[in-house]
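I'd like to ask you about the structure that follows.
Lettered A, B, C and D in written order, each chain numbered from 1.
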Amino acid sequence: MPTATSLRKDETGHLPPLAKASWQRQRAYWSDAFRRVRGETEARAGRLSPEDQVVQSMPDTSPTKWHRAHVTWFFETFLLAPHAPGYKIYDARFPFLFNSYYVAAGPRHARPKRGLITRPNAEEVGAYRAHVDAAVTALIEQADEETCAKIFPIVEIGLHHEQQHQELLLTDILHVFAQNPTNPAYDPDWTMPQAQPDKDAFGNLPSGIHNIGHVGDGFHFDNEKPVHPVLLQPARIERHLVTNMLWLEFMADGGYTTPALWLSDGWTQVQAEGWDGPGYWQQIDGQWFAMTLAGLQPVDLASPVCHVSYYEADAFARWAGKHLPTEMEWEVAARAGLMDDAFGLVWQWTRSAYAPYPGYRAAPGALGEYNGKFMINQMVLRGSSLATPEGHARESYRNFFYPQARWQFTGLRLVDYP
Amino acid sequence: MPTATSLRKDETGHLPPLAKASWQRQRAYWSDAFRRVRGETEARAGRLSPEDQVVQSMPDTSPTKWHRAHVTWFFETFLLAPHAPGYKIYDARFPFLFNSYYVAAGPRHARPKRGLITRPNAEEVGAYRAHVDAAVTALIEQADEETCAKIFPIVEIGLHHEQQHQELLLTDILHVFAQNPTNPAYDPDWTMPQAQPDKDAFGNLPSGIHNIGHVGDGFHFDNEKPVHPVLLQPARIERHLVTNMLWLEFMADGGYTTPALWLSDGWTQVQAEGWDGPGYWQQIDGQWFAMTLAGLQPVDLASPVCHVSYYEADAFARWAGKHLPTEMEWEVAARAGLMDDAFGLVWQWTRSAYAPYPGYRAAPGALGEYNGKFMINQMVLRGSSLATPEGHARESYRNFFYPQARWQFTGLRLVDYP
Amino acid sequence: MPTATSLRKDETGHLPPLAKASWQRQRAYWSDAFRRVRGETEARAGRLSPEDQVVQSMPDTSPTKWHRAHVTWFFETFLLAPHAPGYKIYDARFPFLFNSYYVAAGPRHARPKRGLITRPNAEEVGAYRAHVDAAVTALIEQADEETCAKIFPIVEIGLHHEQQHQELLLTDILHVFAQNPTNPAYDPDWTMPQAQPDKDAFGNLPSGIHNIGHVGDGFHFDNEKPVHPVLLQPARIERHLVTNMLWLEFMADGGYTTPALWLSDGWTQVQAEGWDGPGYWQQIDGQWFAMTLAGLQPVDLASPVCHVSYYEADAFARWAGKHLPTEMEWEVAARAGLMDDAFGLVWQWTRSAYAPYPGYRAAPGALGEYNGKFMINQMVLRGSSLATPEGHARESYRNFFYPQARWQFTGLRLVDYP
Amino acid sequence: MPTATSLRKDETGHLPPLAKASWQRQRAYWSDAFRRVRGETEARAGRLSPEDQVVQSMPDTSPTKWHRAHVTWFFETFLLAPHAPGYKIYDARFPFLFNSYYVAAGPRHARPKRGLITRPNAEEVGAYRAHVDAAVTALIEQADEETCAKIFPIVEIGLHHEQQHQELLLTDILHVFAQNPTNPAYDPDWTMPQAQPDKDAFGNLPSGIHNIGHVGDGFHFDNEKPVHPVLLQPARIERHLVTNMLWLEFMADGGYTTPALWLSDGWTQVQAEGWDGPGYWQQIDGQWFAMTLAGLQPVDLASPVCHVSYYEADAFARWAGKHLPTEMEWEVAARAGLMDDAFGLVWQWTRSAYAPYPGYRAAPGALGEYNGKFMINQMVLRGSSLATPEGHARESYRNFFYPQARWQFTGLRLVDYP
């Protein structure tokens, strides 16, 4: 579940390229970045009670408390244990509990059972965080130059990793609250970010050979590499995201009851789950409401549709007589500035299966498990969402989920071919 | 899951029969009993963090927080709503969340999803309890005589009901903790109550016609009635409970690997679950440990075996060349004082299927759902356990669980026939 | 799934007690009985195509071809292999395929996968039967007196066993055909046997101590022993079986939509399976039809209701303000001639859980697995059904099925208590 | 599950392009092609007993009898009903039973329950086939020119469709027989076709822009269109298929026990299913055997590995330090003659997810459901297998299965990048 733009974008610009800055300034930079990102996690969790933080509502989600501990384990395992002289594992029982899927990093607790672990509790996880925070900060601030060169890349990926979990923390707690018939609000004052008005406008995607993938020395995940050429046909991409208003038209036109609009696996899912609208929607006295971070709210027609699966996005595109873009088309359009709201509202499903770029090879060791082993059965999403942390998005970024997933902040825009 | 002896047994004896005491003394009695039982629930929950209280580890168990709220809903629904003038439901959302299985009392939340409800949280449930406590106490203390006659039986069943949940609160949290690889202790100082030493002694059960069922005007559940005659054959019942030492002999002799010892459904269960010892047992470096209220502890040879299912109890009896007693044999033996440790250590499986006594008919209305509708597919247990609240056990008491259940404090004693 | 009356009842009466007849006459008797029972199996299978004979429609049922082979394996394993000099197993692969549940007789194929075995096919199973028939007949006819004494009891239980499978052959193929939307008929000319008209009459069951269990030296299964005394209260048992007409009243009165009528597990089943009438019933244009051995037929009001589960029988009794009888009451009533249609139409659910009689102990060895290991989670049925072979029923006979089972020919009669 | 090369390739060459031949010659051609293809289906089924033909061993497979009837229904529904004057549906119950997944063609029987339908039986399906054969032949031979122009494309797709089911008929019956512990042989004389010896040779795939997709007016499925350009990087593709010898090296080197070699979903599958070798392999006394169309046979080292899933193919490629080719690379290599055994032994997994070609849009109506709605969650295979009918393979052909599927004749070849 990658996310992230270079953290350096938060900076004033005095440092780029950071690698050329003095070690002292680099230490200051990473110490500060570490403090800020770690603080954002705690700020997001701060609205939640101990009870909120322990529950796991389905195998795909994780408890808040687990997220807070897991990202801490990441720093402890990959940064402190190998690089902080004399560092001792905070609690010998934690690596088993808080390793997620890194087989090379040792045995781990079963993912679907994370919600059964009441101890350590939220407060104890807070103490674990504080302990690791102090050790990381001390390591950064006291590292000699040789150590700096080794540890800053690990700090960097650790922070990007934590930012990914910041987004999941919100999507997961929303799923928890959506199971509660009393519809609790994560933040009663929350509102959906404003989308650009739909002007029915298009951007013309230039055909020909384009380079795809992350360029330059900024931070990126391994799945964004290698940069490679692709051949695009001419296409017209919509400037706007698909809105709730359009989605209601799709529904009114039999969108959820017309099998010819659906992929076969999608139709099976619609029937098995009884889907009749986007995730978290329910009809009360003839009006549609959606469960949001502010609790149950009337559906806002002008907002982009959210919490739709790939199957639904694909059916909608077929109904509209258009297509989902490929991830390559999306990336080219993003670089060309052809889209509104590419970032910051909803992730946008593409019709590209998540696959390695030509020449991709996962790194050896535990960190090589970060992305590569998930390159099957999932579809790529591009852009970023309202839950993506500040400064954490880029054109080459590849997010991915199974085609039936709906609990992320996922929407779509369309493309067609002249 | 009935439990309870008459609460009146806690009393000094000045009151029996209570119905003859002055209304003023009765008010004082029930007010005090209410305070004591309610306090015991909070005392049992008091060792648990908010996180501990919210988790549900399997569909059969319930969160601590749910237990605390459900027993409160019971008083609110069956006592305050119909009998306290002007009483308003504390929170309109709670009846749906905290009704257990009383179809006649309205719709209710799905049992297997109780652990997904983080709000109201433990503290808010505490406030709910305090509110209802005040209202019940005021109702008792201010009731006129006519009202007293109506409400004291409801108070009484409400308290027995709460005592049943006090036992479940412990069995359920033990199950939660047993899912945690760190083996948390509910109470580090807890120890198993001491059993009477096994003297290999027997009591001779007199053959002939005996009356079975609850006699007299003390409190009882409807499933203990009507009193009715049964015909017993002569039998010898063991004075002692089956111990861990004996159970280890059974295991060493191939108890869990010899299909001929098992009921067919039991053997299927053994293989499906991979059982090789009682519930919560695990072998570490050749020694057996058991997860207990004090965390993981070495198995104590002299203690009665605990957390065995009916299937295991039945297989053990076959291995021993004996039988489990019928519930009638157990009750006659209990009245005759033929057994040690009949109460207070482990519930004892009988070979009687849970069925209505001749002439039994469940009461109309929601309280009629208390027992009758569970009279299928379950086996009767007699006695009481270490978790049964003080003064809450009697000879005619009928507990019942499915034959595969192991998370209760369940053991056995044997009988044979000369 | 026991069934059977003494086969000797088919006899003229010259032989009783058979044990006193000359060996020559006994040989002739058993040879003839063997030929007749084996022939009845083939006659029942004779209406079925090879395709009909191979399919298994759920784990509880078995293919016709399997039934034909399994009963043959029974004779081969328990009679020929130990007692026929020089007998060689017909096909070394068959014992694995055709052992049902006799753990002591060796490993066996998984029950739910019996329908995946296309080879040996029906014709090859016919050849297997012919081979074993010849060997058994030769053994019987050539046995010396000592051998006769050993083998006749095995022949006898083998024939009773085969008769049980004759009944299952019909119930199982009806279930297969009920899965087919074209509603095939096993026998287009089949009709339900005529029931005695319902005269709203009762038999008075005498209270007091009665002996229960099989008396005398005739054939019986081990679960009918020991004979033992039971104490009955006075009761009135209905002469007639509950009819379809009454069942339609129950349905019209909300029988399948009123949870208060149902055991909790039964109500769960009703909702999970969407039951709204007896098994195999469907409503077409407002009229109720039932899938029968003659295909889909209009429901006959005067016939006894059939294909109801224990849960349904129990709910009906509650609705009617009466009870199902205990198996002891049924047996006493049967001996006293208080019931019409006790045999030959539908098995009658009792409210007795299937349990060992006092003092029962299963025999050692494979044949000891016949009954004893199923004595849990099942309810006793008494009488016999339209599918029970001629001469195969007796007052002490105990049939048993899980409370949710509906594919047998199962109905009910009621009792009440003055 | 597409397959097929143009049937016209079977012809002498006098006809191409067929569309220019006289109508009379076209009638003769199609009448003959129809007779030949229909005959091949019956020849393949002819080795099977009625019992063999009725069983369904898992939801993904279908009974032989169903295949024979379904392809017949296809001609009846799409050819005879709309185009044969006065044609009446042979049996009104068959369209429901033998429609596979064409929602637009009406309701249909549940796929996983096809094996429960014993009637119509194999013989009756034979009669259905004969009836439809006669009607189709008469239609072809008597059609006027206008009708010919309409019906020949339907005959053509109907025959390609039937050829696809001819392959499935074999893969499905092999799966049925593999469930049988007696290991039946479909054809005792069957042998795996000989592969070209592995000379460790490579073909150099030219980089640059290539056209992909079916060119010309020959038969093809809609998923092979539109022809479109793709950009390839330089690559080296192996001439030979991966053999059993190499696969045993992979196994010996911990292939099935090293999670780092596997996609995450693949590793989950390995553990859930206990895979330790290709599908249908079992080890007996240290030697590996495989269940084949000739029954259980020792694994032949020189043969291409078969019955491996995508997950296994992908893990093998990672172990070998190479890759599976994309479907575009495979197609370009095929056209350039760079591979041995591209056709006729085993389908070859590619690393391309099954997706529409740019500009693809499924046709309206039932036949539009043929391919398009399956374009999710599946991986493309190229080439053809030993079970693919004669003359039924082409370079642009796209087969597709879920990544866990193993019951098809599936293998692989590798590619790497210089």
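In this section, contacts are C-beta pairs under 8 Å (C-beta built on N, C-alpha and C of every residue); 3 or more make two chains touch, one makes a residue touch a chain.
Since the model is a prediction, treat every value here as computed from it, not as a measurement.
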- Task: Determine, using the mean of C-alpha atoms as each chain's centre, which chain is farthest from chain A.
- Result: C
- Item | Approximate Å spacing (C-alpha centroids) for the pair chain A, chain D | 39
- Task: Could you grab the centroid distance between chain A and chain B? Build each centroid from C-alpha atoms only and quote it in angstrom.
- Result: 47
- Centre-of-Cα separation between chain D and chain B, whole angstrom: 61
- Using the contact definition from the top, classify how the chains connect: line, ring, star, complete or other. ring
- Item | Chain-to-chain touches, reported pairwise for every pair that qualifies | A-B, A-D, B-C, C-D
- Which bits of chain B are touching chain A when the two form their complex? 49-55, 57, 65, 93, 96-97, 109, 113, 115-119, 121-122, 176-177, 179-182, 184
- Item | chain B residues within the chain C interface of the complex | 101, 103-104, 209, 228-231, 233, 259-260, 262-267, 310-311, 314, 351, 353, 355, 358-359, 368-369, 373-377, 403, 417
